[in-house]
Amino acid sequence: MNCKKILILGGDKRIVSLANNFNRDGFDVVTYGFSEDIDFDGGIVRAANLKDALSGRDVVISGLPVTVDDVTLHTPLYEDKIYLYDVLKLMTKEQLFVGGRITPKVKNLCGIYNISVTDYFEREELTVANAVPTAEGAIELAMNLLPVTVWGSKSLVLGFGRIGKILSSRLNALGAETYVEARKFSDLAWIDAYGYTGIPLNNLKGSLPQFDVIYNTVPHEILTDDMLKLVRRDCLIIDLASAPGGVDIEKAARYGIKVVHALSLPGKVAPETAGEIIKDTILNIFADMGV
Amino acid sequence: MNCKKILILGGDKRIVSLANNFNRDGFDVVTYGFSEDIDFDGGIVRAANLKDALSGRDVVISGLPVTVDDVTLHTPLYEDKIYLYDVLKLMTKEQLFVGGRITPKVKNLCGIYNISVTDYFEREELTVANAVPTAEGAIELAMNLLPVTVWGSKSLVLGFGRIGKILSSRLNALGAETYVEARKFSDLAWIDAYGYTGIPLNNLKGSLPQFDVIYNTVPHEILTDDMLKLVRRDCLIIDLASAPGGVDIEKAARYGIKVVHALSLPGKVAPETAGEIIKDTILNIFADMGV
Amino acid sequence: MNCKKILILGGDKRIVSLANNFNRDGFDVVTYGFSEDIDFDGGIVRAANLKDALSGRDVVISGLPVTVDDVTLHTPLYEDKIYLYDVLKLMTKEQLFVGGRITPKVKNLCGIYNISVTDYFEREELTVANAVPTAEGAIELAMNLLPVTVWGSKSLVLGFGRIGKILSSRLNALGAETYVEARKFSDLAWIDAYGYTGIPLNNLKGSLPQFDVIYNTVPHEILTDDMLKLVRRDCLIIDLASAPGGVDIEKAARYGIKVVHALSLPGKVAPETAGEIIKDTILNIFADMGV
Amino acid sequence: MNCKKILILGGDKRIVSLANNFNRDGFDVVTYGFSEDIDFDGGIVRAANLKDALSGRDVVISGLPVTVDDVTLHTPLYEDKIYLYDVLKLMTKEQLFVGGRITPKVKNLCGIYNISVTDYFEREELTVANAVPTAEGAIELAMNLLPVTVWGSKSLVLGFGRIGKILSSRLNALGAETYVEARKFSDLAWIDAYGYTGIPLNNLKGSLPQFDVIYNTVPHEILTDDMLKLVRRDCLIIDLASAPGGVDIEKAARYGIKVVHALSLPGKVAPETAGEIIKDTILNIFADMGV
């Protein structure tokens, strides 16, 4: 199998950037599922119809997420519909289907049609790389919404997973007084070694009144009612945990505290970087497959 | 002279924050020249009229700028007018008048009324400190307007004065590929020592096509027509030089390049930090006067 | 159980610092197994004999390693011998025995005497925290042995485990051109996100001739003969992998390359920090036991 | 004048490295005034005698310092003597004489012989660039002599000139708690902006007992007797001010405090980097002369 021939089959701005990225790297790129006014770089070919699009391609790359209804592909930049069924029917078993957030139903369907399928959104390196635009998006929000600079601000990061790690490194680099809540002793040792101030969950409560801004990265509720009571009213809470988030916005509102729930930042704040991250991940998938 | 009794006489959000800051530090603070709906912290007294406001105060602090018409104080958060003439007439020579961007005419008027006057905006430490919110404001703009992250972006800073120094340190800390244009060999040595890449003015032209974003801090035109020609169309130029700026917006537009002229960022992006910077500077003025 | 009464039972400089640290934190500290000329801080009591030493103590803390012969405690700062057998015989089952690198034989013996035993050297947070003095020790070696500054030096770190992570953050902060070899795509994504340059193992060979210094943190041979052939003769290799190390010193010598095998750096370069790390870890052990 | 033909005329290791550097950059390099066992890179020619050495050269570069006796060149790696008089007599007025720390007497002599002369050691960019190896040398000393890591150490830098600026940036990057003493309000604003803690000279005294290490960069006595009294006995003082230094070693000894006077660190800790800095500076001299 020679992986040079790629079909980009619908998607948002990130996927447009993905197409341009593959093209720039010398891949043979065909697109389908984008409205006419979407500008691709020179060298990229628009297919006239789905059959032409799929013909002769080694890899078919669809959007992020692949689908929202389990029936059609997610093609926000296209006025028509592309049915998954139609795509899989036309594919051959030599072709690879690649997408992000592939649902069990789609996986199942691929199985039925005997099509190899792989999900780039499940790759650890993509999640790590996405922490960079997520952290920047969070900082942009703080810069925009706070009446003080990030420099010198008393900043608390809840959680020391991927986003917590990158976010605290950036806050510290910008001169924020960076505090990070973590439960594991080893995480607290890392926090110390990187020069931030660790706060064990036990000590969190007493420390809360000092903060100008709190970044939550934990997908469950850490800031319980008796915690929120201690947060300053002029403190901004930026919740970065994926839906439904980790901070109860209504509870916080009762104490007059503003919460911003920031979702899917990479695609919003840096679609080109997001596209490049997806490309790098797909190249890794190729490498792992030995193609 | 005992400097504990302060009158805050009009001004914008920064000056409101300044009043709160002095109050928090234990100073006796009276305000005048703000509309009723402006919230000051507890302990701050609103004077009923100008005469009461000035009575018994050691220092009279006005806004930034002090005036825009040389006749009235600049009081953007007040519905009425306060005439400079009225203020100076009511002041005694034991009182100190402090303001920002004091015009020659105002200085002159103070001389006539025998009032000591000092300008905090002329202090070097304020200009240095203001480089921090300015740099953050510039980065916020870049994060907002660029389709890529600041991390990994090819970033050029024109000039290595106060803003250039702080801005390049922040860009580098965020993981941008940080290039700095400077003319002096010693500045290029500093740039090197701090880990950025120096570009002598001579070599600037050839380096231009690579940049995703250019931050100008130089108050005259460096990017001449034959330079702009080489800048990529998708490059963002953020001009931080004070009015009229250092980048010709129309010339750039002819090449399809977007220029944002960002002025007075500290007051806009971080009024509280700006207020604190002014307070620190005024405390230094007191220290220098031995009061 | 009340953990305030501690016996420090022999050990090197780190353990002396450990005793002082516990004393400073308000613990009741008795020592035994140190020569008379070892200076402890005021408030620390020297026991006259082993029986007195153990009497009434809640916790018995011995050195690192606990023993090198499985018969006596490791007491490098003491002229006499302390037999493990004697210690365990005198202990009660209410007392806790704490040590570093406890051998299976010692664990077994504790079981026979029904003594609770725990090893601080097995704790993840200690290993993480020790990466800091290890990284500094490696940098001190490089500063000492290289004819160039660390700043600007082309530096390669082999491996991105605990030491690799901290070491690369320090090298980067000092202005070295920091390259990190890693195998996992997710590690390469972290390396990228932190601003270093990742080198997949596949690409290592071709990159080798450029380096001024190579830091190995991997406990097996990565630099095979055909790799070493490509390393410059004036390149310094610092091997940080625990014995027997990961670089073949003799093979390297055949190519004229200098290898320094740096072992147990924390205790050598920063015994007080090492002592503090052990104290923090033992406090965590107490916390985990709920004492 | 064509500057490609260079004579390197005696000097220490830095100057050997300087010769290799020019050679690597493609200059035509001849050497004289070095013992036979000094290894130069291939392509560099050793002259048989002084006359041959000087013949046809555009630039004559001597050591650092040029001379210590005003009679002979400073040639520490040479067994014979080279008389300044002999050199100048053989030079023509088309040739340029370049050296470091040129004495008034030598300058005078050049005038008499009508030889153009320039001192690279007077160039600001060299002084700035040398701050990098100086700061590293100071940190290496601290790493070597302190029983704690630089990370987490309470570190005070006296003075915020060139060395103070670079040193505090490195200490901060390594995770030291970095305090910097300065007198000017604007310097304190810079210190703040870069994220270190500023200490105005007025407040220095009270802050002294907390420090693990003090780096002095000020060439006069700041740590007076009543200051030293407050420094902890286990505090290490590293004096980086040029001879006679800024810390009174005997006074400090009376209080049991260790002082290390570290002189001429660039040549000692990083001769190759030092040689490269000199080369860059000489290239700047050529550029300024338009050659």
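List of remarks:
By letter and in written order, the chains are A, B, C and D; residue numbering begins at 1 in each of them.
Assume contacts are C-beta pairs under 8 Å (C-beta built on N, C-alpha and C of every residue); 3 or more make two chains touch, one makes a residue touch a chain.
Only a predicted model underlies this, so the values are computations on that prediction, with no experimental measurement involved.
The chain with its Cα centre farthest from the Cα centre of chain D is A. By the residue-number overlap criterion, the interface of chain B with chain D counts as same, with over half of its numbers used by both chains. One inter-chain figure worth recording: chain C and chain D are separated by 36 Å, centre to centre, where each centre is the mean of the chain's CA atoms.
Distance from the chain A centre to the chain D centre is 49 Å, each centre being the mean of its Cα atoms. Of all residues in chain C, those that touch two or more other chains are 132, 151, 175, 193-194. Of all residues in chain C, those touching chain D in their complex are 13, 17, 132-133, 136-137, 139-140, 143-144, 146-152, 170, 173-175, 269-273.
Taken in their complex, chain C has these residues touching chain A: 123-129, 131-132, 166, 169, 184-186, 188-190, 192-194, 281, 284.
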